[in-house]
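Chains here go by letter, A, B and C, matching the order in which they are written, and residues are numbered from 1 within each.
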Amino acid sequence: MDINLRHRIRARLLKAAQMVTLFIAMSIICIPGLWVVLNSFRPTVEIMAKPPVWIPNELNLDHYRAMFGGVGQGGVPVLQYFTNSLIISITSTLIAILVGMAGGYAFARYRFKGKGAIFIGLMLTRAVPGVALSLPLFIVMARTGLIDTHIGLIIVYVAMNVPFTIWLIDGFFRQVPRELAEAAEIDGCTRWQAFWKVEFPVARAGVASAGIFAFLTSWNEYALASQLTRSTFSKTMPVGLRDFTSEFTINWGGMCALAVLMIIPALILTFLVQKHLIAGLTFGGVKG
Amino acid sequence: MSRLKLPQWFVLLLPAIIILSAVVLIPLLLSLYSSFTPYRLTRPETLYKWIGTFNYEKAITNANFWAAFGRTVLLLTIALNVEMLLGLGLALLVNRVTWGQRGLRTLMMFPMMFSPVLVGFQFKFIFNDNVGLVNNALQSLGFSDVAIPWLVDANLAMFSIIFAEVWTSTSVFAILILAGLFAIPRDPLEAAKVDGCTPWQTFRHITLPYLMPFIYIALAIRSLDVARAYDIVQIMTNGGPARRTELIWTMIGRTGYVDAKMGYANAMGYISIFLAIFFTIYFFKKLNAARTELGMGG
Amino acid sequence: MAQVHLKNVSKSYGALEVVHGINLDIDHNEFVVLVGPSGCGKSTTLRMIAGLESITGGDVLIGENIVNDLPPRDRNISMVFQNYALYPHMTVGENLGFSLKIAGKSQDQIDAAVAEAAAILSLTEYLERKPGALSGGQRQRVAMGRAIVRHPDVFLFDEPLSNLDAKLRAQMRVEIKKLHQKIQTTIVYVTHDQVEAMTLADRIVIMRDGHIEQQGTPLEVFEAPANTFVATFIGSPPMNLLDGIVQQDGTLQLGGGVTLNVPQQYTAKTRPGQKVVLGFRADNLMPCGHSLPMEGESAEIEMTVVLSEPLGTETLLFGALAGQEVQAKMLNPRPVSNGERMMFNLDLTRVHLFDGESQKSLR
């Protein structure tokens, strides 16, 4: 009898230990982000207070007001950065999706010589460290006059996102049975129609998640943007974060407010797409 | 009609090939060429002076370069391993939860969505010796009454950087490994239990082999953009103080843009590219091996 | 040596109870088959014995010991799964030897045991292959081999043959039977195929909706079904069931103007006005001149044949009686055309009467 009891108690203890560990892990994941959010609402004096103020006395929107208030109050042209980021990310994502869809479809549906090698080759372009790539790109862009323009950054981000988009979309098209398109072709569609009317709708979720992934990459990219942009005309938000630092001090409160502005769209998109994202990454990878 | 007819797959791949050539391949060729010149941004005519492998020799004989290279490899090795282990642990824990798992999964992806530069600032703030969360907490709880110089001391600064890097990237592993756990058929796990395995033995002999492909996918994906760590380091310490946290990437950045020695920087850039490609190919190879092991190859 | 006892065992998922306090005592060396329609709780019961599913109430005993909370590894059982559950990354040999390796046996012992099991199941030539390179039947044999190498106290099978084609299934059925004779262990076997149940079992346990409906030897449940559910579930083709009412004069009114005498063995057990269900098998309804000689009570019935299914030595005839479809069997068959009216003999000594309300046998 007591052997059963012992096993039951041990199982309970194990479960409790797991819950505690999980709770600690989740806290470590959440606290840094929450701290940034909290500080964006606190006055600078409180952030800098020594000894620290743990329970906020006052929460206000001052940092946000300053942020959107324009350049005047030592602020940063956040709205301009936000618009730049939006334009650059959305445009580059759309193009990357189109290019990636063509490529992903080619990998999923056609057999050709050197397929594996071409695939790895495309992937490896992504492995080039941004800072190493930024040097020659800087030279080329400076020569062609694309430096400090939206177009320049858009082209770069398209190239950056294409390999990954191909990987994801390839995985999704593989899940669409080949027979589906063949049936449509037998029913009288051209290959083109068969693609748009049958295969695309089925793989649409995958395309959407590839798109969101590409968007987030562009939205968050820093290494290249920091070298290829100069003026408020083309700076993106990650680069803009640096405007809050001066030689010796950092305006933490203002920076936190901008950080929140950057995170919110990213979080919403992630939430929308998380399920497809996992499926896409693993199908692309595992089913080879 | 003697038009050249290209195969369809090639036409479909063409846009990708063109854009990648324009943005990656051609600049890389240019940088390869310039790495054999003493090119300086401020003196354009230096681009046409051929100096052979001088830049490479200079890099290879430079102790600072090797220190940075070693530190980079060390950072990558530690970070990738720690991320993998923590991600594995986290995934196993979350997999155990039956209630509210969706919410946990979303929370888990939270750090992945932070821009690396933001992560850099965030942890620069958190580890700030004066107003940072960590020191404030340690002091308030009475563990320490001096300000610990997290970002100044060489070892502590490396630790802080690795902490930040692990914080953002563990979720990549956790998410993918969790997907792997979902994909494991239930039967072999139960068969193992009946065959007499303890939970640890079941994990070791059944779960882990099934997870290997997923772990290698995560490693491959991560190694595709390990250089994201550059953003974090650049913000947190920028290789300083006094080169104590210098990585190969921060060294390239400084040599190229601050010292304007593009040729030299490009030579080092090439070495860093080969490093990244080495890691990536290594993990893709492992991935394929793990897939064949499970009979999933094809 | 191991008996298995289930004492008032129940299982709930949240508020939903799927196994309702069942009692079952299984003897050492007995081959017990749990059979029943899909979703009736067979697998759940088996998995509770295995320890893969926690039990909500009652006790499970293996041998003398209560094992309610013991993990599977401490129960000395082995199990064969419906989808084989082979380890894809191990060779056949490694699959077979895995449990021994876990138990810490020496490599020599493992090799000997694996060789023995492989010989019993004729797997010797596949030992180096991975499961991915085997046919369904071979995988099934590996799964069984994995179970027998350990010499467990109890063998548990969960629909082990349901993924095989009909021919292979028949063949494997024989092998399992032989295996049981050879290794002499307690076996609990789950299936929803009544033919499998009849051919393999020492004792059949028929389940429905988490209850045990009847248990007994294959012949007992075939000859004396406890209720209409068992009657239709066991035997192929299923037993014909016709609703009827017992009359004052001791006859049985079946509707559509068909009337029979209440069979002698049931006259004392029925009362006038009682609603009953008459059950008989196709083997007991045969056309005159194409039947076995019938001794004892019988009835003559005229019926129109709607469809005939020649099976060679016999022909199945489908007709309508008292407004319900009925199957009959014709021996020494001659061609029958659809729509033909024929006279049939119903062997009243072999019919069953069930209560119309409770559906329980009136025997």
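In this section, a contact is a pair of C-beta atoms (placed from the backbone, for glycine too) under 8 Å apart; a residue touches a chain by one contact, two chains touch by 3 or more.
Predicted, not measured: the structure shown is a model, and the values here were computed from it.
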{"item": "Category of the chain touch graph - line, ring, star, complete, other", "value": "complete"}
{"item": "By count of C-beta pairs in contact, the leading pair of chains", "value": "A-B"}
{"item": "Inter-centroid spacing, subunit C versus subunit B (mean Cα positions, whole Å)", "value": "58"}
{"item": "Centre-of-Cα separation between subunit B and subunit A, whole angstrom", "value": "15"}
{"item": "Euclidean distance of C-alpha centroids - subunit A vs subunit C, Å", "value": "57"}
{"item": "Multi-partner residues of subunit C (each touching 2 or more other chains)", "value": "71"}
{"item": "Touch list for subunit B against partner subunit A, complex", "value": "7-10, 12-13, 15-16, 19-20, 22-28, 30-31, 34, 41, 86, 89-90, 93-94, 96-97, 104-118, 121-126, 130-131, 133, 136, 139-140, 167, 171, 175-176, 178-180, 183, 213-214, 217, 220-221, 223-228, 230-231, 234, 249-250, 252-253, 256-257, 262, 265-266, 269-270, 272-273, 276-277, 279-281, 284, 287-288, 291, 296-298"}
{"item": "Interfacial residue positions of subunit C with respect to subunit B in the complex", "value": "50-52, 71-73, 77-79, 81-89, 98-99, 102-103, 130-132, 146, 150, 156"}
{"item": "Residues of subunit A defined as touching subunit B within the complex", "value": "18, 21-22, 25-26, 28-33, 35-36, 39, 47-52, 54, 98-100, 102-103, 105-106, 110, 112, 118, 120, 122-140, 155-156, 158-160, 162-164, 166, 216, 219-223, 227, 237-239, 241, 250, 252, 255, 259, 262-263, 266-267, 270-271, 274, 277-279, 281-282, 285-288"}
{"item": "Footprint of subunit A on subunit C - complex, ascending", "value": "66-71"}
{"item": "Parts of subunit A lying in touch with subunit C, wherever the complex brings them together", "value": "1, 3-5, 7-8, 11"}
